[in-house]
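Multiple structures are listed underneath, in structure tokens.
Next, two complexes with chain A in common: one pairs it with chain B, the other with chain C.
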Partner chain A sequence: MKKTSFLKDKHVKRLVIIMVLWAVFMAITRFSKFYTVINFQTMFAQFPEFGLMSLGVMVCMITSGIDLSVVGVANTTAIASALLMRSIGGDTGTMAVFWIPILFLFAILIGTVAGALNGFLITTFDIPPILVTLGMGELFTGIGIVLTNGAAISDFPKDYAYVVNSRFAGIPVQFIIFALVAIVLAIILTKTTYGKKIMMIGTSQKAARFSGLKVNYLLIKTYIISGICAALGGMIMLANYNSARADYGTNYTLQSILIVVLGGVSPAGGRGKISGVILATILVRVLETGINRFPQISSYYISLIWGAVLLFVMVLDYFSENNIKLLKRK
Partner chain B sequence: MEDYVLRAVEIEKHFSGVRALDKVTLEIKRGEIHCLAGENGCGKSTLIKVISGVYQKDGGIVEYDGESVEKLTPIDAIKRGIQVIYQDFSIFPNLTVMENLAINSELVENRKFVNWKHVREIAQQAIAKIGFKVDLDAQLGNLSVADKQMVAICRALMFNAKLIIMDEPTTALTKREVKALFKVIMELKAQGIAILFVSHKLDEVFEIADRFTIFRSGKLIATGNTEDLDDKKFSFYMTGREFDNAVFKPTNVTKDNIIQVKNLSLDGFYKNINFAVKGGEIIGITGLLDSGRTELALSLFGLKPSTSGEILIEGKETVIDSPQAAINSGIGFVPEDRLSEGLFLERSIGDNIVISEIDKLTKKGFVDKEKYEREIQRWVSELTIATPNADNAASTLSGGNQQRIVLAKWLACEPKVLILNGPTVGVDIGSKHDIHSILQKLANAGMAVIIISDDLPEVMQNCSKVVVLRDGQVAGELDTNDIQERQIIDIMM
Partner chain C sequence: MNKRIKKILQQNEVYILIIIFALSLLIQFRSGQFYTPNNIVDILSAMVVPGMFAVGAFLVLLSGGIDVSFPALASLSAYAITKSLLDAEYSGNILVPILLAIVIGIILGSINGFFVGYLKLPALIVTLGTSSVFKGFMQGTLKSKQLAVIPSGMKKFGTSALATAENAKSGLTSVLPVAFLVLILVLIITFFVLRYTMFGRGIYAIGGNESAAYNAGFKVKRTKFLLYVFAGVIASVAGVIRVCMMQQAHPTNMLGMEMNIIAGVVLGGTSMVGGKGTLTGCMLGTLLIVLVENSLILIGVPVVWKKVFVGLLIVIGTAMSAYQVKRADKQRVKLTVDKEVA
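Take a look at the complex of A and B:
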């Protein structure tokens, strides 16, 4: 087991450096607009949406897989939950608070089903994860469109959005949910045998089979975790937008992959730390918010910027890990 | 004066301060088969690269055909008739045989356009030289390893080679293919071409080589005629250690069978296999590559479950339909391909050792770090895995030490039956001997050990009986005390 302190990890170090540079830059150029409590509260209420999805993608990528279905699953969960709330409370009525945990359980159920389907198809039919999850994402988006006729649903009780949009001791509830999931995942990844095993599967699935690991079972479990993370992300989106629609957050697929790679998870599998991914999530949000503070940069540039950053990080990784790659080629 | 095609005298080569070659000398006579042997890391490959112009020497003289050459590039070496066939053959799997054969001369002639008729002609000439029969339009990637090697040899011959260097050419070949290769080598010799044959397999050296040279740790240890060499000397030259190659005598054989296989069949691979192993016994299973031996091994470990028949563990019928079931019934399995099946190369030595028993190293559902580390230390010292730090990646170790990791992984699961498929393939003599003594110790501690191997000296030395497979069936079950290797080969073929 590698015992490296937080800052010794080169991915984490890189993220911290970028973050500090950006913080200084914002302090110099837009201090009064950026460094406000409300701005930070807003950011910490927003990033859990894709932060949760990124956590799911991370777990899959550790097994050398990927989950492209997160956005589809998230939207469909949000839509289904919205419909459920409407049938509970009517289109403008109210809903008792005890329904909220039930809603979350409902979301977890949808995420579990989606993830189990992904995992089942990947392991049983040996289809590459990238194709299975791409198809599953489309399938779920399609379900969302059928359920809504492509329109946004916003006529459901407001109680849910009200509760999730509130703050607890100044901390947004969205962030608390994210933090809870992140802590649970961190424990799972670092302290349980499951965490150790999926790292090994990500390194070599063949060797894992020959070592007697239940590879199929472990992979299905992994995609279920990802499905649940995505569904919870959908619940946050539902609260943040106070509506649900099949095509919200379409750029989150790319963004979550960007975050995971930026956070130091190897796309080849077997390596990744949750601290890096959380840091990368916050960085991406801080960057985007910061960019938004410059009215002259249109938000149309955001995709361009994320795409460029993703490619740049991959190239950087190639150079910093070249020695490892060369060893592999032998 | 003798006629040497190549003389490399007192060659020195350093790599960032480390002396890789320490005044080594290698002389090859015209038309002889010369074997260069030595453990991994002894400098064999470095010398080959110096001879073929890949590396520049730091000292010494290299003479080709009696002419001393100071600076040499790979192209010069080819022009002087030196051809190297590397282990990966340096061929293009997605091109056809014909294209592979022609590509070098196309390059040398520096053509921009391809004259396919011309290409076919030279390709045909090349394969005719050694009487190799192959479809010129077949894609190279679809050929067997042996055929790929033949293509590489043909390509070497197209340049009027005077010396062909073959780097461990038999590693990936079956016994039958090795025979075919040796025939070709003899033919080349008859045509006056010298062969430098790199190998660390003793029996091959005796079978084919006229003379030998042995290196150890970058130094020349011995050179001479193969007639003057014997097993004992060979191992001693290679390792600097004396081995006692005594046949293993089991001392602690249990009365009852630990594992018994009854009429085991897997459609298309093997049929009606029967054998039994008692505790304290080591038995061998041997056969040609396509005899079903590997599939039988995979079945016993649940990776390719058998379609009919019974497996009894300590007298109880046991269903083994997954590796987990095998492990739970007390079966450990050291697979054939250490690098891809046995090890997680990029992960730490420690992780590799404990992965199969990790579920036992927990406290309240979480990994118990202390137990984890203790277990790793225990096995590193028990199997004397030579590493400064168990956190290092498994890829940093030599073949012998890597195999010890795989062994440790299974011993940590405390199996009753240990199945090893090719336990010492690609392992140097010293480690091979150590692994054998580990297995013998395990047997004496009461374990049932099954060695699946086509290394007959290994089988003869360790196993009390040997099951010979042919075409998926048991062709014979023999007591190794009563027979010679020859007899096993006769049954195998």
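Take a look at the complex of A and C:
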């Protein structure tokens, strides 16, 4: 027990160190362009969209599963909500503010259905999660394409994007939504038995089953949580882009897995902390925004850097877990 | 006799074959265009690149791993080769590009192999990472753009015909490219490697039970390393062949193929946990995916529905084969229990 808690702390510590180093580096090289209130407000409005998806992938990965359908679910939710808004308010019309909470409930409903389907297929048929969620992601993207004919939808009432894009005491609403979800999830994972149970499933599904856990029910619940997170991420994408389309954010699948692994969740399951994932989310955004402040670096390098960081972190884990000390070899 | 029929019916390949046959009849009824020489040839030539990718993905799945980096690997290698040969004003035949593809495939594949084999890191995460690195290297460092011209030797290879088929009714002709032979060659080599070499048997053994394979004397780390190198070589060659067949190098249009290919392999009965699967099944599953992707338009399904159908196929198909595995396992348990009781 002691060893695992130590490891978790180390992940968080490492992220904090990288973040501080990067902050210092940015302060030295691009202080006036990076450290502005508006820059931070933009960053905190942007990261919730993939941050929410990462939280969903995190709970699945703790059970040693994975959710590749998050982007498909997010886009379909955004499209369905856009269509719903259009039927409420007309092409350019307006929409009363009370509809916005209803829209979010609608999104949560879609996420629940998607997650329940994923969970049902995984538990009843014993199909590997990676295949189910891949197929469901493809299916949802397909439904999104059918609903929109492959084009972007942007002719819906602007009130929704206006409300979500506004700031509450200087804090972007997107971030507030993210923070609320994160707090609820943190409570679920640490203060209820559910959190402990899914860790057990991740460590050994067989052992969990034999010790009397309702594994199927818990797994379905896990994928529902992931579906809801993805759907809310889709709602934020809808607000940020002010339009919806079936192929927005296709690289978020890789990015959310990167964030979750970076945040110290073991891909084999059984270990993970929400604080690490949140830190990793912010780190990824800060890194990308920072790199964008250097116009001479092509934005295409970002995927190279992400991939390299992911591999580097995994290798670091390998060396630290096997107690191999690179510097002290005597 | 009864036993033999039962055994045949338990094989996943049979079901896939029945589904393919039913689908082809449906297409034939709706459009009358399936069993025409040119459509068959079109499907065969559409199989070349996905088929080669599928062999690589199949081998990795057999060992209990997964490789999602092959489209990025193929794109990087194909782009780098085409670009450098264009810059060198190369005008020779196809041999040099293929040799280069093999070399680059070995290098890039050994990156995957090192992380997965020697460092024992989870294959999905490693290949996601290397896929991102390959893509970033191609788009950032090599500044890839679409190349509308390719070296003459590659162009000639891509257009030279093994056979031509003409549709008597519509007058359309289709060409089966010589590249089809490469797919056949890859299949033959893989067949022999899997059946007659220690390396091939090692892949099955590792996929079945890694520690048992180790105890039986297989060099697990080295086998895994070589496996990813082999898969890298196949993917890299496939990338170059795709460029030859398309007559242009489009750096990004192979990306995103990985999941459909893997789904095809799994549809063909290859187990995701490793150790189980046949080359025939792998090819049939890929054929089914290629059919659905290419022929839906012939039954009058609008293009926008394509992804829905592919998604449904993946979910239903894998559910069916997973369900069968589950049933077979239960039967086996029952049989052994019965024996023990007796």
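The criterion applied here is as follows: the second predicted complex is superposed on the first by the 314 of 330 C-alpha atoms of A that agree within 3 Å, B and C clash if a C-alpha of one lies under 4 Å from a C-alpha of the other, contacts with A are read in each partner's own complex, and residues count from 1 in each chain.
Following the convention adopted for this analysis, a contact is a pair of C-beta atoms (placed from the backbone, for glycine too) under 8 Å apart; a residue touches a chain by one contact, two chains touch by 3 or more.
Since the model is a prediction, treat every value here as computed from it, not as a measurement.
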item	value
Touched partner set for A:R167, first chain B, second chain C, both or neither	neither
First, second, both or neither for A:K214, with chain B first and chain C second	first
Partner chain in contact with A:K10 - chain B first, chain C second, else both or neither	neither
Contacts of A:M200 with chain B and chain C, given as first, second, both or neither	first
Comparing the two partners chain B and chain C, which touches a greater set of residues in chain A	C
Partner chain in contact with A:K158 - chain B first, chain C second, else both or neither	neither
Residues of chain C touching chain A in the complex	66, 115, 119-122, 124-126, 128-137, 139-141, 143, 256, 259-260, 262-263, 266, 272-273, 304-315, 318-319, 322-323, 325-326
In the complex with chain A, residue positions of chain B that touch it	301, 303, 322-324, 326-327, 333, 335, 340-348, 350-351, 355-356, 358-359, 361-362, 365-367, 369, 372-373, 391, 395, 409
Interfacial residue positions of chain A with respect to chain B in the complex	1-2, 187, 191-193, 195-197, 199-200, 203-204, 206-214, 270, 324, 327-328
Contacting residues of chain A [partner chain C, same complex]	66, 68, 121, 125-128, 130-132, 134-143, 145-146, 149-150, 250, 254, 257-258, 261, 267-268, 298, 300-308, 310-311, 314-315, 318
